[in-house]
Amino acid sequence: METRIRDSFARQGLMDTLGARIDEIAEGRVTLSAPITAAASQQHGYAHAGLTFALGDSAAGYSALTTMPDGAEVLTAEMKINLLAPADGTRLIATGEVVKPGRRLVVTRATVETEYADGTRRAVAILQGTMVPITG
Amino acid sequence: METRIRDSFARQGLMDTLGARIDEIAEGRVTLSAPITAAASQQHGYAHAGLTFALGDSAAGYSALTTMPDGAEVLTAEMKINLLAPADGTRLIATGEVVKPGRRLVVTRATVETEYADGTRRAVAILQGTMVPITG
Amino acid sequence: METRIRDSFARQGLMDTLGARIDEIAEGRVTLSAPITAAASQQHGYAHAGLTFALGDSAAGYSALTTMPDGAEVLTAEMKINLLAPADGTRLIATGEVVKPGRRLVVTRATVETEYADGTRRAVAILQGTMVPITG
Amino acid sequence: METRIRDSFARQGLMDTLGARIDEIAEGRVTLSAPITAAASQQHGYAHAGLTFALGDSAAGYSALTTMPDGAEVLTAEMKINLLAPADGTRLIATGEVVKPGRRLVVTRATVETEYADGTRRAVAILQGTMVPITG
């Protein structure tokens, strides 16, 4: 399972562009992270909501993938993000988890935290959405 | 108004990283676009949902900004995206519009289309969400 | 198609409890309405968000059903509502429409308006969500 | 605080119509429940998504109200629901909680479970949304 997820992740150009990496893979739960850099900022220098979303959505998607058989893939059908605070730290950490597995739809959630230079963290976003398994 | 939006846009590192540009600015309506490149792809080579979201969310945010007084800024409070089809063209075009302006909350929608090499387009996502004016 | 939708609607106890009726059925588009009464109010006497949601969600669901073969049913997989204004009129009118039909997922939108005693209307909510076809 | 919430709840006609009651009130966390009856059913006899939404949204709203000063009220700005399973039990139980308190926006979540005749429970929906404090 881990190999499958790392392979898929490696083929995601956007994750590479954003400097994202996989921090942890467990059954129904995946953690990704990425640095907050000028290249992924909004107009105030904080992480752009697009980065926060991309990371949270990907963590959620991969958490869904951990519940699927070999050869399956997932697509995001829909995702909703609530932003809680400006992403003003040095790194974003997104943890996705499966709320309800399924053959047709997988309901997921994710939390995105920002990490400061001193190692403390603060939640910056929560996401809730649906993944669709693709076989083929 | 247009200058203000172009200035804000120019300071968004992520928009620059993604090669995004402003195509059109009107009262309550803004169109952005970006190329679909390997650097913004998911594992199948289509545009990553993170790109689709970032573009749609930014178009929605700037459409909200057109309804605000000088000096104001907007933040995304929450945004929901439904993905309609794989973003398999060569360019993404996002149009954001204000559904309900307001001093405290601005409700917005956006549509994201993919454009093929032959100039035809297909809708790939719709977004619906809330912007919060920031005065500072 | 119309018979099928009217039959399904008639079996929805909640629609009956809320006094809801079908106003219009077209391919990919259904309009429902219900009176704003004390029995469906929130603490200020306006229509409860639960009524606004129930009506908008049902209009969206039935619009999806118009695109499906005989014998199919739909379930809401997920739905998001943005409330635009207090529902302070005498009647709520919800129009649902299909944005993207599909065999596995149908993406829908709905708009809910309040109607005042003088016949004027105001938008009170927009919804965006996913219906899942059930064949039984 | 508890009195304030019970007073507000008592004025909600829809909650009365649905037979809903308050089960528990704590700082940042409120639980409501309602019977699944024919009067609140969809076409298969399960609880209508409108009931599930109304209960989850109200639990989320009251959880937000517990974090506010006397005299404040809350309105739902937006709410998203993912339905996980048919609500086929005898009672719905919704627990709302505050994810992020705030003076302008309160981000909340809710979980709705169905309870069967034998007392076992199953999650049927999760909600995520924004409440707006109203001072008046």
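Which chain is which? They are A, B, C and D, in the order written, and residues in each are numbered from 1.
Operating definition for what follows: a contact is a pair of C-beta atoms (placed from the backbone, for glycine too) under 8 Å apart; a residue touches a chain by one contact, two chains touch by 3 or more.
This one's a predicted model, so the numbers in the text were calculated from it and none came from an experiment.
Novice: Pick out whichever of the two, A-D or A-C, is joined by more C-beta pairs in contact.
Specialist: Of A-C and A-D, it is A-D that has more C-beta pairs in contact.
Novice: Taking the mean of the C-alpha atoms as each chain's centre, how many Å separate subunit A from subunit D?
Specialist: Once rounded, the distance between the two centres reads 28 Å.
Novice: Between subunit C and subunit D, what distance separates the C-alpha centroids? Give it in angstrom.
Specialist: So the centre of subunit C lies 20 Å away from the centre of subunit D.
Novice: I'd like to verify one number: the distance from the centre of subunit A to the centre of subunit C, where each centre is the average of its C-alpha atoms, in whole angstrom.
Specialist: About 33 Å separates the centre of subunit A from that of subunit C.
Novice: What positions in subunit D touch 2 or more of the other chains?
Specialist: In subunit D, 77-78, 80, 82, 129-130 touch at least two other chains.
Novice: Mapping chain-to-chain touches, which pattern fits: line, ring, star, complete or other?
Specialist: Topology of touching chains reads as complete, every chain touching all others.
Novice: Which bits of subunit D are touching subunit A when the two form their complex?
Specialist: Against subunit A, subunit D makes touches at 80, 82, 84-85, 99-100, 107, 109, 123, 126, 128-130.
Novice: Please name which positions on subunit B make contact with subunit A in the complex.
Specialist: Counting only subunit B, the residues touching subunit A are 8-9, 11-18, 37-44, 48-51, 53-55, 57-58, 73, 75-83, 86.
Novice: Show which residues of subunit B lie in contact with subunit D when the two form their complex.
Specialist: Against subunit D, subunit B makes touches at 77-78, 80, 104-105, 107, 129-130, 132.
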